[in-house]
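Here subunit A shows up in two complexes: once beside subunit B, once beside subunit C.
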Partner chain A sequence: MAKYDDLKFPYCEEETKYEKLLKIGQGTFGEVFKAKDRKNRSKLVAMKKVLMENEKEGFPITALREIKILQLLKHENVVNLIEICRTKASPYNRYKSTFYLIFEFCEHDLAGLLSNINVKFKLSEIKKVMSQLLNGLYFIHSNKILHRDMKAANILITKNGVLKLADFGLARAFSLPKHGQSNRYTNRVVTLWYRPPELLLGERNYGPAIDLWGAGCIMAEMWTRSPIMQGNTEQHQLQLISQLCGSITSDVWPGVDKLDLYEKLELPKGQKRKVKERLKAYVKDTTALELLDKLLALNPSKRLDSDTALNHDFFWVSPEPEDLTPMLSRHTTSMFEYLAPPRRRGQQPPPPKPAPNNDHHFERIF
Partner chain B sequence: MAGNFWQSSHYQQWVLDKQDLMRERQADLKVITEDEYQKVMIFFSNFIQALGEQLKVRQQVIATATIYFKRFYARNSLKCIDPWLMAPTCIFLASKVEEFGVISNSRLITTCQTVVKNKFPHAFNGDYPYRIQNVLECEFYLLEMMDCCLILYQPYRPLTQFCNDLKPENDLLPLSWRIVNDSLRTDVPLLYPPYLIAIACLHMACVIKQKDVKQWFAELSVDMDKILEISRQILALYEMWKTYDEKKEIAGILSKIPKPKLNPSRPPSTGANNQENNSQNSSASQSTQQTTKH
Partner chain C sequence: MTDTETKVHFRVVRFMQEAGLKLHMKSVPLATAAVIYHKFFRGNALTDYDPYLIGTTALYLGSKIEEEAVKLRDVVNICHRTLHKSKPPLEIGETFWNLRETVASCELFILRALRFKVVVVHPHKFLLHYLKFLQDWFDPVEWERLPIAKTSWSLLRDSYHGIICLNTKPQHMAVAVIYFALLCHGAEVPCHKEADTKWWKVFCDDININIIETIISELMNMYDTEIYVQTS
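Take a look at the complex of A and B:
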């Protein structure tokens, strides 16, 4: 009989290696737990359970994407996937293990921090958050990956003030269109409130600019403390965008009229662009307003890319970006959107297909 | 998706050592010869290729599926999970990983049935027995056994770069590409990094086409011993093909392998160390059969 003793088998480790402490997240993707390593008790991890929702799909394609993309992307500002674990297969689970993605633990998510009024960000600290966020995006985009689900709840921050992009369940690899052949990706991505106008209008040949729109929304949220455009439907979201960023026309965005849904959706006419004007009440810093204005460009080809955004004056004029550790050290409990009081938790973007409702004209944006 | 090969699981966990590979194969080599083992692996590569072509997936999906298949049996005996089940499972998983989408369940099974019936009647008696729940279950074992290492690097991309670098007028790409395809029928993809395989195949194409590219190879600074070792393994394949008639021989070889149970008999990870333990197998398989029927 063969001896296997000296061989290293690469099988997944068992989930019992970790001890679950607390549930810290719940979404369409499944549950997330805070846990600690039983052998190394100071090592904290987040365990994300892979939900087997669709029997026909087998192992979910979203989990496969997250696994393969995160195995590929190792960067300070991208959440670190430590390993995949599984439950022991036994007759009780039909020899089908449950899989867990094991991540390094991050104490907070940005939505949780912003929903807590005791957490106050100075301008220099906002700069630190944004520069790390853009750094992460620069890294994933230069590795030809689109995140496709930018939102405050998917931005994690460790107690040492290091920001990590998380939740790559919707992410995918992209290629630049070549030989005149355009890409055909699904446009049913990105949580509605952070969804850029090109996706809302049915664009399927999109690129990294979709994540930069989300970065703009998140940046504004650093001051407004709640998502800036909370639409109920795609139509409503486009109205809110037009009210803030001006009417969507081929003057500001040549070719927009060619997009599938441009004729089908009702787009407000004659709206002036008021990004700076409306955000001025919250954002006192003029270079910040300039950067916001450029991130929230309607035309994706005019929107700043992460590299150019990082070179923006905002990050280079006084006050300089400042480490978040001292500020965070005043808050010793974890802040996650999931654990925040219901005031915030109730605030979820609705599913994409509610009944149409046309009475949105008087709604405030913030 | 570009990524860095040197940091990948492919490089760190899945470039195997020849001796380890042979040692893992010992259980199977008790019932079939080394030569026959290779013929079995070739046969199932052909089966995966036929399934992939019938399903109209890209060659990339087929290549990935073929290597998943090899990885599984690099760590497990052929009698642990029926390769007739593992082959479509590899295609099913590879299609998702390579962003080709989820293959419809009924289409996958129907394709297995037609391909077996029309193209491999010499190797399979009767109807294709597996159903989608077998494939879905098998997918778990496959993922677990590979430790979820999903990203594979294939030799095709470096090969294209090398050919461009070597001046396109040499027209070496089509031939060396075909040699890379053939390398999938050997152990080479398990033993060497893809860029070396690309160089070896390119080298062989140069020899066949009698192009003098000594200078270019001299400047590469790669381990020429490894290149020659890869070439030797591919040449051995060509040598075998000269006299081998798969249609006549394969049924005989396959009949020597103990037939696995209809359902995967046990999770491979718990049993890999005691593959001879049959009593455990049968009790486990009974309970699996009972529960998967709904």
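Take a look at the complex of A and C:
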């Protein structure tokens, strides 16, 4: 192998062009580091490692999807992929390179900001956060992409107050069902606490509405400061949803009884919808409550889409959305959920279960 | 590109399409695979790489990119079988595992060589769209009688044997194969002569008859290559 050491491959730069400063994230996907460009020391980036271990099917299709999607989605409110780097193959890694996705660095994530009691959002600032979030969703949905992992930790905010949707590791392209032929996407997506009722009930023919449910949960969290429904299991999550949004019945959601798990899971009966009532304790603004109520609609076809949500009075009555920069400038240290005090990190939601890997059934038959 | 190179690429793409069909790959993943293959050799010398390995890997990568992933195991088996028709099928053993490992490594290499820019916009969706329009323009009996759709689809599939796909706007390609198909069947779009705006202009604003003719002459060159490939 020695003679290959001198070969030069100009196509994809080495990760050593960046200097790792700090680990800022850890998830099922792998690690994320904050780093800076060695040549241009003021340029900060986030490096996301592509997990390649035990990959029998070559470069992971999920990583390929994420790269493809990020190359397609260039928008102010979507995290910007700069390039892809690699480690040099050497005897230490058995001549197998590791790849890194290099992103523009964002100083904060929303989960980190919300867990810091010193960070206070005014109503006008919450409006700015939500309008950017919905703008980002509007953009990705009109490009026929579903995010499928909306949660506060995946919402990044730069020190200039620009919000970026991040982590497209679970994202995929969707198409509108045609000629009665429904889509069959995996429903094992979205972190449990932000998972909409249709996914919990086994729907596989879902659409953009799944991300809007997450947007609703995040919006409520802007006031409650912690996730509003922290279930331990799918069953528990559905209970919490029923307690907040009312019983899941075919009256409020025609056709729900046809979903795979509707009969199999226990759904609380006779629950009244209390979205506005329960959130009133935190959210004083009535237009905000109205918008929340419409985002947290049980029936996905009744849930607001991002365009309609952006036209909601909430964004158009006084106080108007206000730039976040002055508020953020009072907080000069970076805030990420991963770096937040363990008190909060102790209560991580269970991540989405990876789809069962039946593909490799026949791989090793001996 | 030399004649020899053109011929090699023609043969490899034919091999890819044969293996791709056996793998039940659809038109778009196959087209993506061909584009990956041609893009790779636009930047790299044919003498430096085994084109059949690049072709095999491009098939695998194309299937993944278009969300119609086939299994690496199947790709290795089928491509080996397609390439060595007289040999017995591949047994599970060292050769199999080595080939598998080779394709997996080559996949990373191609991704790097293409700088991970693997999203391709193909003419297929435009072609379908245009054909749907034409169908409504034609007399239904006439449309039924003429295999315009079938011929233009085949022309498009064949076009990937050469590098036309790298230099042609997908909309233009779609118009050109329809134009060519109409020529082949001696058909004409109804009221074409009387129309102020020609039908291709209706589909695609920035196309003109010269562009169409250039594409068609490239397609005809490609079919000439086929004759050489088969006789040599």
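Simple rule for what comes next: the second predicted complex is superposed on the first by the 336 of 366 C-alpha atoms of A that agree within 3 Å, B and C clash if a C-alpha of one lies under 4 Å from a C-alpha of the other, contacts with A are read in each partner's own complex, and residues count from 1 in each chain.
Here is the rule we use: a contact is a pair of C-beta atoms (placed from the backbone, for glycine too) under 8 Å apart; a residue touches a chain by one contact, two chains touch by 3 or more.
Because the structure is a prediction, the values reported are computed rather than measured.
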Which superposed partner A:H331 touches (first subunit B, second subunit C, both, neither): neither
Partner chain(s) touched by A:K43 [first = subunit B, second = subunit C, both, neither]: neither
Comparison of subunit B and subunit C by subunit A residues contacted: B
Touching partner for A:A173 - first (subunit B), second (subunit C), both, neither: both
Partner chain(s) touched by A:K74 [first = subunit B, second = subunit C, both, neither]: first
Subunit B versus subunit C as contact partner of A:K20, first or second or both or neither: neither
Partner chain(s) touched by A:F59 [first = subunit B, second = subunit C, both, neither]: both
Partner chain(s) touched by A:I145 [first = subunit B, second = subunit C, both, neither]: first
Residues on subunit A lying within both footprints (that of subunit B and that of subunit C): 9, 11-12, 56-59, 61, 64, 67-68, 71-72, 84, 86, 97, 99, 172-173
In the complex with subunit B, residue positions of subunit A that touch it: 1-4, 7, 9-12, 55-59, 61, 64, 67-69, 71-74, 84, 86, 88-89, 91, 94-97, 99, 143-145, 172-173
Subunit C contact footprint on subunit A (complex, rising order): 9, 11-12, 56-59, 61, 64-65, 67-68, 71-72, 83-84, 86, 97, 99, 172-173, 359, 362-363, 365-366
Residue numbers on subunit C that touch subunit A, as the complex places them: 60, 64-65, 67, 69, 71-73, 92, 103-104, 107-108, 111-119
Contact set on subunit B toward subunit A in their complex: 1-4, 7-9, 13-14, 20, 23-24, 26-27, 75, 92-93, 96-97, 99, 102, 104-105, 132, 135-137, 139-140, 143-151, 264, 266-267, 269-270, 272-273, 276, 284, 287-288, 291-292
